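In what follows, structures are represented as structure tokens.
Next come two complexes, and both contain chain A; in the first it sits with chain B, in the second with chain C.
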Partner chain A sequence: MRGLDLGYFIRRIGMFLLVIFVAASFNFMIPRLAPGNPIGAITSRMSNASAGIENGQAMFEAYRERFGLDDPLYIQYTKYMWNTLRLDFGESLSAYPAEVWDIIGPAIGWSISLIGVSVLITFVLGILIGALLAWKGTPGILKSLLSLTMIGGVLPYYLLAMLLLYFFAFTAHVLPMSGAVESGMARELSWPFIKSAFRHAILPASSIILTSLGGWALSMRGLMVNTIGEDYMLLAEAKGLRKSRILWRYAIRNAIPPQLMHLAIALGHVVSGAILVEIVFSYPGLGYQLYMSIVNSDYTVIQGITLILAVSVGLAVLIIDLVYPRLDPRVTYVAESSG
Partner chain B sequence: MLSNVKTKPVDVRTKTRADRILDVRNLRVSYQTGGGQVRAVNDVSFFLRPSERLGLVGESGSGKTTMALSLMRLLQSPAVIEGGQVLLDGVDLLSLSEEEMRRARLADIALIPQGAMNSLNPMLKVGEQLRDAVTAHMDSGGKTSREARIFDVLESVELSRNVVNAYPHELSGGMKQRVCIAMGILLKPKVIIADEPTSALDVVVQRQVMETLGRVQSELGASIILVGHDMGLMAQFVDRVGVMYGGKLVEVSPVREIFKDPLHPYTQLLIGSLPTLESKENFKGISGMTPSLLTPPTGCMFHPRCPQVLPHCQVEIPPLVEIKPDRWVACHLYNGS
Partner chain C sequence: MNTATVQNNTRPNSGVNIWKTARVVLGFFNNNRLFTFGVLLLLALFLFGYIGEMTTSRKMADMGAAKLNLRPSAENLLGTDGLGRDMFTVMVIGIPNTFKIGFLAGAVGVLIGALMGLIAGFYKGYTDTIFSSFADVMLVIPTLAILITVSAYVRVVTVEIMAVIVGLLSWPLPARLIRSQTLSLRERLFVDVARLSGQNDFEIIIFQILPNLTAYLAASFVGAVSGGILASVGLEVLGLGPQNVPTIGRTLYYAFNYSALFKGMWWWWGPPLVTLAIIFTGLFMMSVSLDKYANPRLQGSTHN
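Take a look at the complex of A and B:
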């Protein structure tokens, strides 16, 4: 690929793997540094719930053994890393014997389709709005209307989520209150399923889009203003290019690359970015699952989700890094020092 | 005569003279600033003969670039063209519609910017930028002739064909400037405006680039306005020189005569301030400051600094008149002579 040599490619992949390794190690250590004991927490909750259970101590031991918590730390660590390498996060502590993957898997699908799509929509709209706000050819009325999108930016998104929920779902009953599809609906790629999923996604997606649109538009506007001030914009006009051509090919095209870097990071944060929205709408995405597993002290699920978060951020940044020379020809990774 | 230009508007084609490819009449451009109106180009009139090279000199802020850009209607807000005419081959560019003006740019009147720095889009290959320019003026088809023309102009500015595949940052300053020249002559315009085309280049490259510019201009038969402040460069390149001061054209004369016998006191001081090889005297400057265009002096712009100031210089604005054949000056010293 242009501007990319094999050496850099390999170094960059190596860096990615190193980041994942470090993240996984922290992921292993931090729960073990924290006070308290997950098994103890579960068994004590169980005993509270049933007013004392028989063989509580035996059960505690059985759990410990089942999750390998008896082993010395380095063996636990080796096992953990080996399993992580195979993307095997083990069994859920709170929903035993369910596999962590059975919990995370569907949640990933929901998160990507809700938040991933919302972020992409926001990105595209934000770029267009920001570009039009900076463009001197934009009619004044349109500019004023577009500026209204900034209003959403001052609201915290969970607050807007609750407002939307109250008005459109609770009061007006036009849209569903919670969940990702009608409860009990079979998971299949059928038309009613997609329709239901779409209806359920409207409110959470709107609260994400409306609150983050202003920020995207604002930063795009800033980039556009810089681009429009460049000398080559004058020459573009002196060449007799059409306004639309100058806008797209010279101004927007040149302002976008830094925005794409932000997009990579935003997409990487699909998981953590919208926890509160998912909670408000009881949307079974990763954020909601993360919340539930924190409430339940479900360490294996928490570890699985945080690792996925680390991998997705790392991966998104890696991809943008590798394609960046394509986006901005001035950036090359050829024959640069290894630093 | 330019002294009676107050009578207008007239039909754009009636007063056209065949020996003037470009005829600028009473051009006024101002910047609307927070502190008030700044008249950067103040009632400027001049003309350009076919195949002629006109130099436009002046200090920073004298309005030369503003004037050059306003000829192509390239000024951005807050600059406003307040009035005047820019007759290109008899057609008033200032009265064209936006779309007509767009089509006239590059095809009839082209800009060669100071291209060594940022005048080329860093994200697009040189070839794409040249292609863009041609395509904007083509109604349909002609892909092969377009490519042929691009290779033609690159050859005439002494660049290899390979530069079409290069990004601007892969070229040297001189090469980028040549690309800009190639861009300017793509559609064989009648008038080329070169706005300080070599100011970012070192003298060796500057000379080579100017030779190229001169050659392609002669081959094309286009007229050229060279904007700059390098009197040495002007002396070598242009046929006539226009001197701007405070948004006004104070003198327009053939280049030899302006060096030998400058008329306007400002031009005299300007020429006198040039270092020569023979004398080792200290530089002579011009005392005082350039006028603030926000609060311009009354009468002649130059009167506060003028060593030969006359009483009514402070009151009356001297018009630009032809006092000898082809020698135009705006100064009361020559009134009635």
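Take a look at the complex of A and C:
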């Protein structure tokens, strides 16, 4: 591939593996650093749920053995890492004997479509708005109208989500309040299903789009201002090229790749924000499941979701990084890149 | 100790003169109206909380301190919530708490970030590779997921613990910014001069490089405070924040759990929402304004 040598490729893959390794280690350490122990949490939850536990001590031991908590720490760690590597997260504690995957699996689809579509729309709109804000030929009125998009960036994701929920779903009844489809609807690829899913996604997606749009537009504007100052822009103008061609092929085209790099860095934040948006709308994605598993003290599911989130963001960033040299010929990783 | 002073080429007049400093500071505020406005906005909110606290008794923020679900009136300026708490008192105590979390988290984040950035940028090589890789990895991992997990295990009890946990995860961005600047600063002439005049690495970092990073540190701090408040309020809204202490996020948590939205109790969810909007507007104005000094990309474009 052009501008992409083996060393860089290996380094990037190594980075990705490091992300997974660190995330998994966090997952392993956090519960063990916490006061008390996970089993105590489980048994106390059980005794709260029922009046008391029969054979409490035996159950305690059984759990200890099941989770290998009697082994020395390094063996626990190795076992844990091995299981993680095989993406085996074990059984859910609150919905036993359901596997963690049975809970995470369906949620992943919803999350990916919600976040993916929102990010795509935000990215495209952000580029357009930012470009128009920096472009000299944009009418003043349009510029001030476009600056209004910055307002959304002032509110946190979840607050805008709550406001949208209140005005559009609760007060005006134009859009559904929660869920991803009408309740009881079977998951199938049919027209009513898609329509329902679309209607349910409008508000959560809007919260993500409206709150992050301003930031994207602002950074795109910064990149555009820089690009417009380049000499080749002057040359293009001197050659008498059409204004629209200069805008699209010369200015915007050159400002997009760095913007894509921003996306790679910001993706973790977007996903964090989306977690909260999902919770507000009870949208059955990973964020909502994470919340539910915390409410239910379902630690295996919590760990599974945290890891899946880290892995998917890491994967997305890896892909962006690997295609980047193809999009931006100015960047080659053949020479030693010092960051 | 060798005390040869090296003139720092970016600040020729380093003689301490209170009036001159005051004039410079005032001039900065005057030249950066947006920044000033943002600061005033936050200051006004802070004073509201601080002065308001003197006019009311903390007890009014306890459950059952007043009648339930009262509309705003002369007696309860912002009404009472569904659990009988006086909303005015809740806000007045909650606002300083939220500021405290934000500033503490921001300070922790920038402190760690600056330290890592300075070391990585100054020593380059393997040190840099290790520090930068770690920062990059932490940038990729969705912080909130980790925070939620941590808070689920460590049921956070105090505002301070909350702030430190949030702060511990907010260092990567400052670290990157400071590192990239340190990389360029360490090649400047005044660093060579300082080394020749006998300063050791520590002195060079503290007395030569750090002073030139003021704008970047300030910008990082504003960003980290903003991120800290964003994350902590997010956790509080989920019920994972400090228990038994009124904070903005916790107020929202109760408002939503008791369906304040659907009962039409706007005085319950409105004040925390407006407060957050003011806080983030203020911080946004400050950061946009500081960007001019701290964003190398924008500096190069002034000729345009």
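FYI, the second predicted complex is superposed on the first by the 326 of 339 C-alpha atoms of A that agree within 3 Å, B and C clash if a C-alpha of one lies under 4 Å from a C-alpha of the other, contacts with A are read in each partner's own complex, and residues count from 1 in each chain.
By our rule, a contact is a pair of C-beta atoms (placed from the backbone, for glycine too) under 8 Å apart; a residue touches a chain by one contact, two chains touch by 3 or more.
All figures in this text were calculated on a predicted structure; none of them were measured in a lab.
Student: Could you check whether chain B and chain C clash or fit when both are placed on chain A?
Tutor: Fit - chain B and chain C, as placed by superposing on chain A, sit side by side.
Student: In the overlaid three-chain picture, which partner chain does A:V22 touch, first (chain B) or second (chain C), both, or neither?
Tutor: So A:V22 only meets chain C here.
Student: For A:L159, decide between first (touching chain B), second (touching chain C), both and neither.
Tutor: second
Student: Quick one: classify A:I305 as touching chain B (first), chain C (second), both or neither.
Tutor: The answer is second: A:I305 touches chain C but not chain B.
Student: Between chain B and chain C, which one contacts more residues of chain A in the superposed model?
Tutor: Partner touching more chain A residues in the overlay: C.
Student: Is A:L210 in contact with chain B, with chain C, with both, or with neither (first, second, both, neither)?
Tutor: neither
Student: Which partner does A:A236 contact after superposing on A: first (chain B), second (chain C), both, neither?
Tutor: After superposing on A, A:A236 lies in contact with chain B but is clear of chain C.
Student: With both complexes overlaid on chain A, what's the closest CA-to-CA approach of chain B to chain C, in Å?
Tutor: Superposition on chain A places chain B and chain C at a least C-alpha distance of 10 Å.
Student: Using the touch rule from the top, collect the residues of chain A that touch chain C in their complex.
Tutor: Touching chain C from chain A are residues 15, 18-19, 22-23, 26-27, 30-31, 33-35, 153-156, 158-159, 162-163, 165-166, 170, 218, 222-223, 225-226, 228-229, 265, 267-269, 271-273, 275-276, 279, 290-291, 294, 297, 299, 302-303, 305-306, 309-310, 313-314, 317, 339.
Student: Please name which positions on chain C make contact with chain A in the complex.
Tutor: Those residues of chain C that touch chain A are 128, 132-134, 136-146, 148-150, 152-154, 180, 230-231, 233-234, 237-238, 240, 252, 256, 261-262, 269, 273, 276-277, 280-281, 284, 288, 295, 297-298, 300-301, 303-304.
Student: Looking at the complex, which residues from chain B come into contact with chain A?
Tutor: It comes out as residues 69, 72, 74, 76-77, 102-107, 110-111, 113-115, 117-125, 132-133, 136-137, 167, 169, 180, 183.
Student: For chain A, which residues count as touching chain B in their complex?
Tutor: 136, 230-232, 234-242, 245, 249-250, 253-254, 328-330
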